[in-house]
Amino acid sequence: MIIRPKYNWFRMLFVWHGSVLPQILPRLLLLLLVSTAVTYFHGTIFQYHVPLTAAPFSLFGVSLAIFLGFYNSVSYDRFWEGRKLWGALLNDTRSLARQALTLSGYPPDAPQVQHFVRLLIAFSHALRHQLRHTSPAADLHRLLPPELAATVQQAQFQPVLLLREMGHWLRQAHTTGYLDTTTQLAFDRNLNQLSDIVGGCERLANTPVPYTYGVLLHRTVYLYCFLLPFGLVETSGWATPLIVVYIGYTFMALDAIIGEIEEPFGLEDNDLPLNALSTTIEASLRELADLPALPPTPPHTGYIVD
Amino acid sequence: MIIRPKYNWFRMLFVWHGSVLPQILPRLLLLLLVSTAVTYFHGTIFQYHVPLTAAPFSLFGVSLAIFLGFYNSVSYDRFWEGRKLWGALLNDTRSLARQALTLSGYPPDAPQVQHFVRLLIAFSHALRHQLRHTSPAADLHRLLPPELAATVQQAQFQPVLLLREMGHWLRQAHTTGYLDTTTQLAFDRNLNQLSDIVGGCERLANTPVPYTYGVLLHRTVYLYCFLLPFGLVETSGWATPLIVVYIGYTFMALDAIIGEIEEPFGLEDNDLPLNALSTTIEASLRELADLPALPPTPPHTGYIVD
Amino acid sequence: MIIRPKYNWFRMLFVWHGSVLPQILPRLLLLLLVSTAVTYFHGTIFQYHVPLTAAPFSLFGVSLAIFLGFYNSVSYDRFWEGRKLWGALLNDTRSLARQALTLSGYPPDAPQVQHFVRLLIAFSHALRHQLRHTSPAADLHRLLPPELAATVQQAQFQPVLLLREMGHWLRQAHTTGYLDTTTQLAFDRNLNQLSDIVGGCERLANTPVPYTYGVLLHRTVYLYCFLLPFGLVETSGWATPLIVVYIGYTFMALDAIIGEIEEPFGLEDNDLPLNALSTTIEASLRELADLPALPPTPPHTGYIVD
Amino acid sequence: MIIRPKYNWFRMLFVWHGSVLPQILPRLLLLLLVSTAVTYFHGTIFQYHVPLTAAPFSLFGVSLAIFLGFYNSVSYDRFWEGRKLWGALLNDTRSLARQALTLSGYPPDAPQVQHFVRLLIAFSHALRHQLRHTSPAADLHRLLPPELAATVQQAQFQPVLLLREMGHWLRQAHTTGYLDTTTQLAFDRNLNQLSDIVGGCERLANTPVPYTYGVLLHRTVYLYCFLLPFGLVETSGWATPLIVVYIGYTFMALDAIIGEIEEPFGLEDNDLPLNALSTTIEASLRELADLPALPPTPPHTGYIVD
Amino acid sequence: MIIRPKYNWFRMLFVWHGSVLPQILPRLLLLLLVSTAVTYFHGTIFQYHVPLTAAPFSLFGVSLAIFLGFYNSVSYDRFWEGRKLWGALLNDTRSLARQALTLSGYPPDAPQVQHFVRLLIAFSHALRHQLRHTSPAADLHRLLPPELAATVQQAQFQPVLLLREMGHWLRQAHTTGYLDTTTQLAFDRNLNQLSDIVGGCERLANTPVPYTYGVLLHRTVYLYCFLLPFGLVETSGWATPLIVVYIGYTFMALDAIIGEIEEPFGLEDNDLPLNALSTTIEASLRELADLPALPPTPPHTGYIVD
């Protein structure tokens, strides 16, 4: 995620980092080239005058508006739903930690309580690693007893196994008399919600927007842009390349942003900062349970928070 | 569902599998023919010049934008709601399995617990078979005792009968003292949610978008496309067929995608991969309950996951 | 609701049943007449040339798009919310039946359980009759003891009285020891949801879209259509009537569909099939509770399911 | 709220009551005057020809469409959310009454139960009075014991005090053994929902759409309308005033409707009929609890239900 | 938040406070200057005639409409979600106070109950201070015992610590016999909701709309506005500057409003009045718990409520 202050309107026009301009520059230069050539040859191809006017482009505009508007909304909804799921993860782990601290028969600083809070922290990290296809080994071994860490690491659905482990913790506390039945079920309700969060993240990660939409959007956007010079050259003369590149910029840039936020758990510039989010969860749970705080992270430089 | 990596913008323009182009090709060729004929005869029909200009088409554009935009959103919402229901199915069956493992008085590896988990797996498969009108016999017999499988198979609403069976399991566990009342009700709440999931899928499957919308959309799209050459020939000359086919492609392709995702439980290219989803549910529940894992599936070839 | 297979794109253009064409034909013929007259007299009224061009119509288009787009979404949302409420009704009655079968102390085939399931079935029918202003007498007497049927029939809010009756059933079961307190409350939560469903249906039925919107939409659509020939005659010549009727068709047809689905509980072609839905509920509950199945309904002919 | 049958399409064009025409007539006449003057003087101001064409107006159209579309959706959402809250009020008070009748140890016709139901009725009326800034004195004294009515009347947040009073009723019933703890909490959950309803209504009533949007919308709409004649006079000649007034009518009427439904609890024509709604709640609760029915209301005349 | 009565349509055109005009005036004057210059020099740059017409601008219009429409909806949704969260805060704290007064074994005027209500009030203020990055010291010391206030003040996540403190209060009440287990869990459910509210506010505050959208929107809006005079000067002559400034006003003003409500917890004119909201919560809770009322606030002057 890009974290950067908003400047005044004038300076915003020249922002480089945080815009997608670097990424689409080659395509824009190609478009500039094509439209300059078209202008130079007066909108002809091999001596055939191309009889395009602006009229068909306002017809194209209809489908373009539908595709872009739709795809953009859908992608942003995916991004925001991903963020909501990680927000809910923070809320629920906090609630479970609070419950472990105040509803169980254990004193707030009992090792059992601390183990439970560590399970919650490990759960958050494991979910992040699952979504980004990275290895959770380091985080699991840092937080859990060795044999548990090893078991979890071998599983295919790691966060789900950690949930089962929490269930076993509850059973243990219940059997040893530190938790009565109704209280155990109050914890269990929150475990159900964690289960919903895992499943929600898996849903977003495994089911993209139907592939065909992407193909169609791409084709519409790029054919539109590369046909546009023929349509404008008659009336716009030497200004054609400038206008074409400007219009092309807005469409291609939107197409590029969409491509990033569509898969919100990745590592691109505009994706969700899962790293920062799981660190926040860990910090908040540690504060709640009076566990030793995390070492302070070095102040991040640059604009990208991952 | 089509699973395919996103290529760079240039290669995306020539993707064949995963686009709907093959499907609408005949219509596009017909459109090409018509528009070439119109161009060749200078926009006349039997010597009557057809006095169409681009102007009426931007008026048509208004209704076209409303219909396509609306129908597309509604269809995608149906697709995504279907996906959410199957995601909720995964979450709830996982939660119920965790509850059976950690909340009941049975040890985690008791045959009763394993039977309950098998009931959950059978439930997922039965729902898939109901939605796709296929026979659940094989899956039921693989997972359930013969007489239960036979009873369920004769029912009209099979997943609902399996839910009742889970209710009987709970009653049994309660009567024999392995489950107290409040815990039984915690299971029951999740059964209510499974009931909501079954009903939600039935709703999507049995209530299509009102038929009249489809008729209206079709007529608007196709008349628009086949009248368009008359409107453009005056100004666009020999480029008319190309433009018409291009505009026609965007509209017809969208119309075709909509037709697929509108009924998300079918077997078309862009439908939900119910097969893969229920296999995932089975794999996850088996891992949770330490049941023997499924045999590895052969790596799927091609781009379509059903 | 219209149940009809989707044909290929070509045959869809000529569908008669399931389109709203029959309904708006008179208006379209009037529009044809007017636009032919306008074309014949070259866009003049009593010798005054009407100086309209296509330009103002694209300005009209803005308000038309806003009104139609808005009204259409709102109406469809009402339709779909109505469908969701009836879906929830199916889910909740199934859940309550399952609870009566597996959570109470009664054996599954006790007359008390069967009475409860009959109450649920009667509830669904009573709701349908209330929404369609028909008499529930037949259904009530078929399902309930005579004196109860008589009491309910006299009430103003019949489904609500049936809910109270279910509450009394619970109290009875509780007092006689077949239901403990927590289980009674698990039933009660589902009764709360039935209460929400009744209220939701009443809300849709009693609060239409604000009347003024309808007036405004109508005026915009029809004035637009009947002024259009004056605006197109200059450029479109003899093709004017055809274009006007085609554009008019799309707008009037949408207006007509909206008018139907806006009140989803009625008896028009595109309304919800409450009859079929409540029969499904009855069939499913009967199967669940092993009550004698309904006599098979004669296969319905035609395309309309009410 | 306007309750009026829908007429056929032709008669709808001439509806007077229920349209906002009366309200915006003066503005429309002014617009007619201005546009007639502009037409008469051929689009000049003090001899300077005003060089406007239709082109800039289609550019204006973009912002106008965004503002109107957005403001309209937001206002309707506020209207419909208000309606949903009052629907939820009906559902929850019915549920609470049913609970008082069937879950408590009191017989259904005990004075305590009747007092509780009266509290619920008083709650609904108090909420209405708070939202409309009218005095609840009459309704409170009609329904509650004098001293309680007096206490509530002095409070700033009257419905909230009535909720506290229901809480005290529950405590009383609990202490005297008519209600066990879990049942008391089942009531309490519904009280939480009533609390949400009060807060939801306060939210809608106290937080309007940001003021700046309204200013901007107004300016865009009215400047557009009053500049329009200059833009159309060149091409539309003597038809200019008619077209301008017609376009102006659609925009001004929408602006006027929006202004009404934006604050749904008021007393304007299209606002929610809080009076009728709270009377319905009272009638339904009285029927449920076998309290004496309300005296029949005189048949309302005219089209407005408040 | 701006609280100001709505005037009649005519006076609204000249409202100064509450519009964003003051804020964007410099930019508008610059635009006026540029467009006057362009008009004076007949749309040339250094003697090169700029061959722009209105046509490309209607193509720009497509992307502009998508960006503005999307960004506006998203920002308003953030604003309204923020408002909903603070509404939920009011509802839940009221519910918790009611529960403390009527569900616990303490008499309603016990110091323990009053302490709990003070905790709730402190929670609301602490959340406000966290969101606005101001110091909660004064409010904490006003409401809480000194050592608790000191502990909370040092924390990083202050509202979360206060939630833990409420959990400890419950545990204390439970241990000393004033609260049985099920009632304690009813409180706990509401604490879970407060946890969700804190997390929801943090989500809105910490995750802005992806930065790249803002850059893109800015560039599109301002380039559009400053190129517009070249496109209109040919047809609109001396009216060009007026039209350009008017169109520019609508776009820039919308851009400015969006920038304000996008971060709803700030201190700009259109942000949420967190101060007023938390004072309302305090007033309502004090009335509920019969705590001494807040001193009357001086009537605020001006139109801005913070």
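For reference, chains read A, B, C, D and E in written order, and residue numbers begin at 1 within each chain.
Everything that follows uses one rule, which is that contacts are C-beta pairs under 8 Å (C-beta built on N, C-alpha and C of every residue); 3 or more make two chains touch, one makes a residue touch a chain.
Bear in mind the structure is a predicted one, so any value in this text is a computation, not a measurement.
If you take chain C and chain E together, the chains in touch with both are D. At the interface between chain C and chain D, two copies of one sequence, fewer than half of the residue numbers in use appear on both sides, so the contact is built from largely different positions. Chain geometry summary: the mean Cα position of chain B and that of chain D are 39 Å apart. A straight line joining the Cα centres of chain B and chain C is 24 Å long.
The set of chain A residues that touch two or more partner chains comprises 58, 65, 69, 182. Under the stated contact rule, the graph of chain-to-chain touches is a ring, a single cycle where every chain has exactly two partners. Within the complex, the chain C residues that touch chain B are 1-4, 6, 9, 12-13, 15, 18-20, 54, 57-58, 61, 64-65, 68-69, 72-73, 76, 79, 83-84, 87-88, 90-92, 94-95, 98-99, 101-103, 180, 182-183, 186, 190, 228, 232, 235-239, 243, 246-247, 249-251, 253-254, 257, 260-261, 269-270, 272, 283-284, 287-288, 303. Residues of chain E that touch chain A in their complex: 27, 48, 50-53, 55-56, 58-60, 62-63, 65-67, 69-70, 74, 155-157, 160-161, 163-164, 167-168, 170-171, 181-182, 184-185, 188-189, 191-192, 195-196, 198-200, 202-203, 207, 210-216, 218-220, 222-223, 255, 259.
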